[in-house]
Each structure stands twice: as structure tokens, then as C-alpha cells.
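Consider the two complexes below, in which chain A is the common component and chain B and chain C are the respective partners.
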Partner chain A sequence: MQPKIHVFVKQIIQETPSVKRFVLVSKEGADLPAFSAGSHVTTFLNTAAGTLERHYSLVQAPAITDHYEIAVQLHAQSQGGSAYWHHQVSEGTELFISYPKNHFSLSFRAKHHVFYAAGIGITPFLSMMAELVAQGRSFELHYAAKSREMCAFYETLQKTYRDSCHLYLSADPDSSRMRPDGMRQQRIGTHVYFCGPETMVNQFQEAARSYGYPQQSIHFELFAPPAPMLREPFLVELWQSKRTISVGSDQSLLAALLAAGIKSPYSCRVGRCGTCAVEVLSGEVAHYDSVLSEKERAAQDVMMTCVSRAVHNKLVLSL
Partner chain B sequence: MSDQLSRFPYPFNSDTYRYSNNSVLLDPPIAIEVTPEYLEEMTLKRSLLANHPNRCYQSLPHTIPAQWEIASLVLHHLHETYPEDFSLTKEGNSWTFSNHKLNETQQFVFGDVSTLPWEPLDFVGRHVQEDLILMGQRDGDLFLDAGQLCFPANWSLEFNLGMNFVEIHSPIPGFANGNLDEKIRNFIMKLEVGQPWVRRNWSLNAGKRLDASLETFHQWGQMRKQVTAENAGETVYLRVEVQKLFRLPRSHAVLFTIHSYLITLHELAQNRAYLEQLYHVLVELPAFIAEYKGMKLYKQQVIQYLEYELQKERG
Partner chain C sequence: MQKQRYLLLMDETGESASHDLRNELAASSLPVEVHPVTLESLHRSELTALLFRQWIGTYLYLLVSWPLLEPLRQLAEDAGFSEQEMECHGLGPHTRQVFCSACQKMNQTEDETVISCHFCGEELSVSEHYSKRLQAFLGYTSIR
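Coming up: the complex of A and B.
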């Protein structure tokens, strides 16, 4: 569905015992698309278990477009993504990646940016800091790692951002812990950014709110692998039309409606424009669109017929 | 079917019309379309820009990097899509753009505004029929940060500069029902690089007038009073805007292009299916939409004209 870029791995750098940095170059030899600070790409990994989609931040300065760099930490409980990168990929490996996407952009109006990173959560902040330096804007980084040896990008940070960078080494008894209370001392107009494990992000978010930071001044990023899509056939009962239609496993609900002669509205057919929304009277919906908010999804009273499906075998729609 | 009618971006796919986000993925992903009206429309555009610069061009100072992205996109699309009419050569940052249709060549240093006679957005806008709007995506919202707008359908760039998406659309009656304004804003904020979108918007125009700016309403608004069932075929135009949306990768801003097309109802009626569908759409159209689209004063005259044409064809 989404356009992809064919790349190969030009170089692999062992950053720490558990983090590798990969340099990706276009297979066609062209420049890669420019990107904005905080962007990531989706990598499509062809494993024995099928294609895995994994998201990784671009870690170089945004002005550089002749290659991309990502950094991958090997997870002990890898669901396949990081193990594949660490054990299957070598220099020369070819793969497809998405165009850069940005769900974690820098605030335009912030007077000062404060980044909190735990472990591999450092990655999105690398392009952000490069951007802020280029723009002459003010920031500081707080970064927690186990030890100096396990601290990815230690050399770069020391060399480039020594004055803006505060390191916290949890295995070092002489080092202090990274704590949220530093946010109390910041001036009004400061924006805070968190990236790391869910517990850390939640702890810092709650603290920031309790100190009085406006919600718009709090930014965070969590990477979660997308849930695999259900493809089971199901039935839809149409309340106004007094009909029941079956949706095949290789067919969208919208396609089934149109094939049955139901005038259901639609436009984009990829779950993005929102035109095909219909009212759901009962049944549980598996949402695959990018239109509805979390709250609207949870309400289970509307769905996008072009991509979303039934969790169980039946839905009742108002159509 | 005439050449003009076969090229016309007909906007309806149903006998009823309501506000919606009727966007589809743009394929091929090209921002610019050069039509046989090119020279005529460029002459008009250049004269509007010369005589009414503030009405036709506005920008906020932080937009220069995103403007360069737009300039690059537009010049590449022109050169790659119409290589016989437009050429672009690059040696490092030294770019040379030639417009063979207008017999103009511009050399400049990409990224250095002092080497162009206008800001980058204002420069490339002078070579395309499209109006070009730059929407900045900042702090979870979309703002009208810059634009070159010569052919507005009853709105003002100077008035709207700096407003956010919801503020800009607040004059449209019913547009916020079901939070459609916020839903469309959120859709645009999720635009991705490499996946541009397109939609068609429509209205009726009394008189042939691409420049229907709010600032000149006193000139063209009067035409609405002169429409009769007898002259509607020649005096009333279906106006369609082909609107495209591109994510700009480096600045994360959005380029919104508007290409406006006009066709007389008489010409449109040569296609029987179009004639019938436009008739049904107008008969069913709720008053609040008809009023916003500016056709309240002459909608009945247009419907009478279309009825007459339909009966004539039925014999």
C-alpha cells in the first residue's frame, strides 16, 4: 500500500555490546528523501514468519540525505525485529523501508527544549539536537544508561553536546539517578520530551503534569509493533436495509457492501480520509484506520468500512 | 465531446452533495498541470501580482526553508512532466530554470533568497497556473503560513494569513457539524511523504472570473443579479478546484495546490450524464450550502435552465 524505498546496508557499527548502528543507502544510488527532526522509518523485514514491520528513528542530522542511519538494540525478548537486525543482517543486505514519517516533531513555539532519554530512547533526540544546533535554539539532554559501556552514542554526545548533556549511569554508584524533579526548575515556555520504556515515559509524563506543564508542552514517543491484521470472514447485519451480508477473508467490508448494491459512501479506500464512516449498533470492531482517535475507537459506535473489520463473527450497522 | 469538456475535472460522483473529505491518493504524484489555457492564465496571474501584490502574495518570515522545498518540488515536476516546455539544470547549488513557453530563464543559487527577484514561493508561482498555499504544521495544528493566491473562490489570503485551519474554515455554515473541520485537519496533519492526495471542490460562478477575491466582491458579485433562465447557459460557470496536498519532507509543512477550472453550463450540458447529475445535485442542495457557495440569488434560474435543456434533449 505505502510506497517503499529499496536500500542496502552499507555499513554496520557496533555502538555498544547490544546496540548496532546501520548505514542504509539507496539501491538506485539516488539521494534519499529529506526528513524533519524526530522522524523515523518503517523497515520491512522478510523473515521466515512473514514480513515484520519495525519503526526506527533516523539518527543522523536531517540535512544529510545521501544515506540514513538507524540504531537497533537487541532485546532479550525480541519478537523477531531486533534479533533479525542483529543476527540476519550483514553489510550488503537489501531491504525495503518506508519514506520518513514524523510523529514526534519539535515544538515551534518552545523557548527551551528538555529531552529525557532512557537507553535506546536516545535515538529520536539525535536528529532533534542537530536541528536545534543548526537553528541556534536552546536545549538540554538528560540521558540514562546502565554504564558508560552500555551508553549508545557516548562519544558523539561528549564531543558534540558536552555542555547540554547530562548522563546518568545506573550501575555506577557514584552517578546520580535521572529523576523528573529537574523539570520543576525550568522556565515557563519550556517543552519536555520523553523517550524510553513505557514505565519511564509514564512516570515523567505524570510528574510533568503534576508540576503544571500544559499538555501541549509534553511530548513523548513509544514504539509498539503494529498488531497483526485480522483476516477472518464475518457477517454484517444492515439495520435500515434489513439485510445480512457476508464479508470474505480477502474482501473489505466496503467492497462487500458495494457488491451487494448498498450505496455506502467512500473515497480513499485506505483508511485515511474518513468518508466511509458508518454507525455501528452492535458487535466489536477491529479498527485499522488512521482517522479515529483512541476515544472514538473505544466507543465502538463508528467504523471505517474500507479497512476495519469484525473482531468476532458479526457486526450490526445502521446502514 | 469538446476538448475543453473532455479535459474538465467533473466533480460529482453522486446525485447529492454534502461537505466531506472526498480525497483520494494522487496518481501520478504530480502537483502541476499545464493546460491549453496556460498563456492566457499566466498573463492574468502576472498582471494581478503586479497590480495587487498584497492581495496575491503573503508569507511569514520563518517559511523561507519550506518555500525552497516547494520551489524544488514545483520546478522538478515541471521539468520532469513537461521536458519540452520547462528545463532545469543543476550544478551543485547553482540552478538554471528555463520556461520555454514564456521565453524566460532564471539562474539562482538554491537556498540563497538574494539570488531570486522574489521569495521562492512567489517565484515558482509565476510559472504555474496553480495557486500555491503553504500550511505550516506546528505544535499540533495547521496554520496558513504563506501563499501565492491569484484565483481565490471568494476568500482573502491577506485576511487569513496566520490563522489555523479551523479558524479559516469557520465561516462555512455546517462545516463543523460532526467535527468535520477537525477531522479534515487531522487527516492533513497525518499526510505522509511520498503519498500526496487530491480532491475536487466546486461552486458556481456568475461570469467568467478566475480572480473572485473577497477584496473585489463589489466588482464581480453584481453579476449574480443578472443571471436569468435564458442567459444562464452562457453566463453561469461550473467552477472546479482541483486541490492537491503534499507533505514537505524537510520542514514537515504541507503544500496545498489549487488549480481552478471554469466551464459554461452550456458546454457542460453537452454531456447528458453531467447535465442530469448537476440538475439533481442543485435541486437537492440544502439552502445553507447553496448560500455559502454564492448561488442563492440565481440557483432557481440555473435549475430552470437545466430543466429546459433536459426537456429539449428528451425532445
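Coming up: the complex of A and C.
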């Protein structure tokens, strides 16, 4: 089990009609673990339906460790996470969170950083920009929101990053749209970072590649795991444990392994960290992760159980 | 990466050696820029400015004699070119400068990894550390 930190909610700030910012402080009164720009924490929410694990970026400057701040957007079709944060949590609520993890870190070698955020996708960039300012490195932010009222952190951005910040308001007929072509005329050594819904991230990734960005200079974070195209149930034979388990169409392989009591380490659960990798002995894998390279995918001997599935009805794993 | 244009830097040796490559690039329909370099031009700001003003999508070729290759590669890296965005070709006899950490003198070597210093006789292992200031690889005395 991963170690957890006991915290309580010290303050709640309504950023926009649908976004709240929560200030979390250690229950022990101690400083919280240091973190790097772009980090997130997993929050464990005790709901009637069981424990919900949700990931949120830390939005304050990495130099600050006497509290953590996260921002949560209330989703209309919330599966419980954001609704819980918005409706059940009040100042004083206690909960457990994970240690900070980072699957979306700043490149050390980049000469210039360009961030593209859609909606609540702004969150990981807040700690990144604070870090870059502290280091005197160059960056620019492109941020699309519905309107001025729905634009989380508008004041902070205007106050602190006025010159490096470009806003695009989709409900405002006078405002321009956020487009990928701005990435074209960037100097060599530029790295680009995207955070937002899957369609936006995919569109920007594809554009960046077509403009000549090498894969290593393209970074992204998705809100949710990419929806697998193949969602057929399948069987996995576990070679060492001599068992066969079935994976339902509404279930990930990781979830099926855990449900069957198989010890399976995992962390991000969105195919980004590589923790859940297992060896594949036979069968064809439909890969949906962003850890493996093209070559590793083609080799078909390892898969991320949190997102990837079987192409046909069966896989044999070395587990 | 999806190349948008080519930039080719070459010295005298590179000029004849790059014949085929230049034909190939010319046939590619992407813009090609060719610039001559010499040991002297390394220290001129024009070369630095040329590399630093390149845009994303530029693919860099270096075709130069060995002593010029490492300093040029370093300069390109400082400008922001990554391994995926350049190709380096050293030409002619492969000599490199190795700086003796014991007597602080410069040795001309080929590609040996261990040499004995021509001046003090110390045994030096040639590191991958290239000093821009000395324009040489650092030769460390082995710890005995």
C-alpha cells in the first residue's frame, strides 16, 4: 500500500462558479513533502460507494510546502469525485492524500516552454510557471476558457504573468480561438505542453508533430484515461499463478487483477507512469498507454494493465 | 521528426564529402541552407546567431573535420538542437585534443581511450567530457 498523508481542509476559495480551490494542511502540523513543478496528488475520498481516488495537480509554487493547494472543477456528469469535493467537503474536513507524484515535469533542456491549457487544464501549469519565473527561464501560456467568469485563476494570471499569458474566450465573439499554428514559429529547442480534454490534446499533439517537434519535446497530460477503442471482454491466463480471469467490458485489466486478489502495483492508472507494466507471453495487445515506444509496442511482450487490452479474446501474462 | 527545412554546416573537407547528400536534399523539395564554417568562424557571433535563430522543424547536418565537430555540436546543442534534430559527421583523420589533468598540456590523439601524456608520461583515460573553454576532451590520470 502506498503511504498516505493525513490532511485537513483549511480554506475553500470559490474561483469561478464551477471551480473551487482547496487549501490542505497537514494534520500533524508539519510541513508537507517537497514537490517538483507539474506534480499532482491522489486524494482518497470516503464516499458511500467506497473510496474514490482522484488526482489533482498542486497549483501553488513548488517552493511552498506548509500547505498544498488543489483546484477542482465540478463536472456535470461527475462520477462522484468532483461532486464530493464541491458538496461534501467543508473547511475542517479531514482526508488522506498520496505523496506528490510527477508524470508531467518540465524539461531541463528546453530553451523555451510553451503551455496550452483548456479549461481546468490550467492547473499543472501554475506550479510550472512559478518555477520558471523563479529560475528566470522563458515561457508563454495559451489558455482557453469559456468566458472571463469561467476562467479559473484569471486574476493571478493577469497580475503575475500578464506578458506571457494569452487568453482565448470561446463565448466571446471578439476573442480569437486558441489554435495550434502558433507552435510553428517557435525557436529551436522549444518544448510544448498540453493539458485539457483528449480531443484538444490529440489535436495539438498531431499539429506539433507535423510542425517538426521531436517526440521528446512534446509533453501532455490528460484529465481522464483515453477511452479505449476496443472494449470487448477478454480472458487472461496468468501463467505463474495458474489461473484464468476474465476482464469485463466495463473494467480495466488492472481492476480485474486487483479484484481477483493478484498483487499488482500501480500508480497513475491512466497509462502514464509505467508502474503497472506486466510481461506478456502470448496474445496480441491493444496498447492505449503513453509509456511504451513504437518499438516496444510492436514487440508485444509488455503491457500497461491500467489501460491496455487484448485485441482478440485472450492474453497470457507471466504473472 | 517531421523535417521542414535543412541547414547544412560544412568546412572544406565537408564540401567534397557532402556532394551526394546535397543532391539528395536538393531533390527533397524542402528548403536547404548551406553555410561554410572554419575553426575561426566558431568564435564569431554570426555562427552563434545563425544557430540560435533557427526555428522548430529545422534539421541540422554537420559535415566537418573531426577537430571542428565537437565544438560545433556543442554550440548547436546550446542553441537548442537535440539529437533527434541533427546529424553529425566527422571527416578526415580522427584526431582530437586531450588535455592532461596532471601537467595541463594539450595532446593530439586519435580515438584511443587511454593514452600516456606526451609531455609528462602520465597514463590518462580520455573522458567524454569536452571542455568548451579548452576545446579539448579532459584526460584524467587513473587512480592507482
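Here is the rule we go by: the second predicted complex is superposed on the first by the 223 of 319 C-alpha atoms of A that agree within 3 Å, B and C clash if a C-alpha of one lies under 4 Å from a C-alpha of the other, contacts with A are read in each partner's own complex, and residues count from 1 in each chain.
The rule is simple: a residue touches a chain if its C-beta (ideal position, glycine included) is under 8 Å from a C-beta of that chain, and two chains touch if they have at least 3 such contacts.
What you are looking at is a predicted structure, and each value in this text was computed from that prediction instead of being measured.
In the superposition on chain A, no contact is made by A:49 with either chain B or chain C. In the overlay built on the shared chain, the residue A:209 is in contact with chain C alone; chain B does not reach it.
Partner contacting the larger number of chain A residues, of chain B and chain C: B. By the touch criterion stated above, A:185 is placed in contact with chain C alone, chain B being left untouched.
Of the two partner chains, chain C is the only one touched by A:111; chain B is not. Legend: residue contacts after superposition of the two complexes on their common chain; A:33 is shown touching chain B, with no touch to chain C. Of the two partner chains placed by the overlay, neither chain B nor chain C lies in contact with A:299. When the two complexes are overlaid on their common chain A, residue A:134 makes contact with neither chain B nor chain C. Shared contact residues of chain A with chain B and chain C: 109, 216. The touching residues of chain C, when paired with chain A in their complex, are 1-4, 51-59, 79-82, 84-85.
On chain B, the positions that touch chain A within their shared complex are 14, 20-25, 62, 69, 136-140, 183-184, 186-187, 190, 192-195, 197, 199, 249-252. Against chain B, the residues of chain A that register as touching in their complex are 2-3, 33-36, 62, 99-102, 105, 107-109, 216, 263, 265, 267-270, 272-275, 290-291.
Against chain C, in their complex, chain A makes its touches with residues 109-112, 183-190, 209-217.
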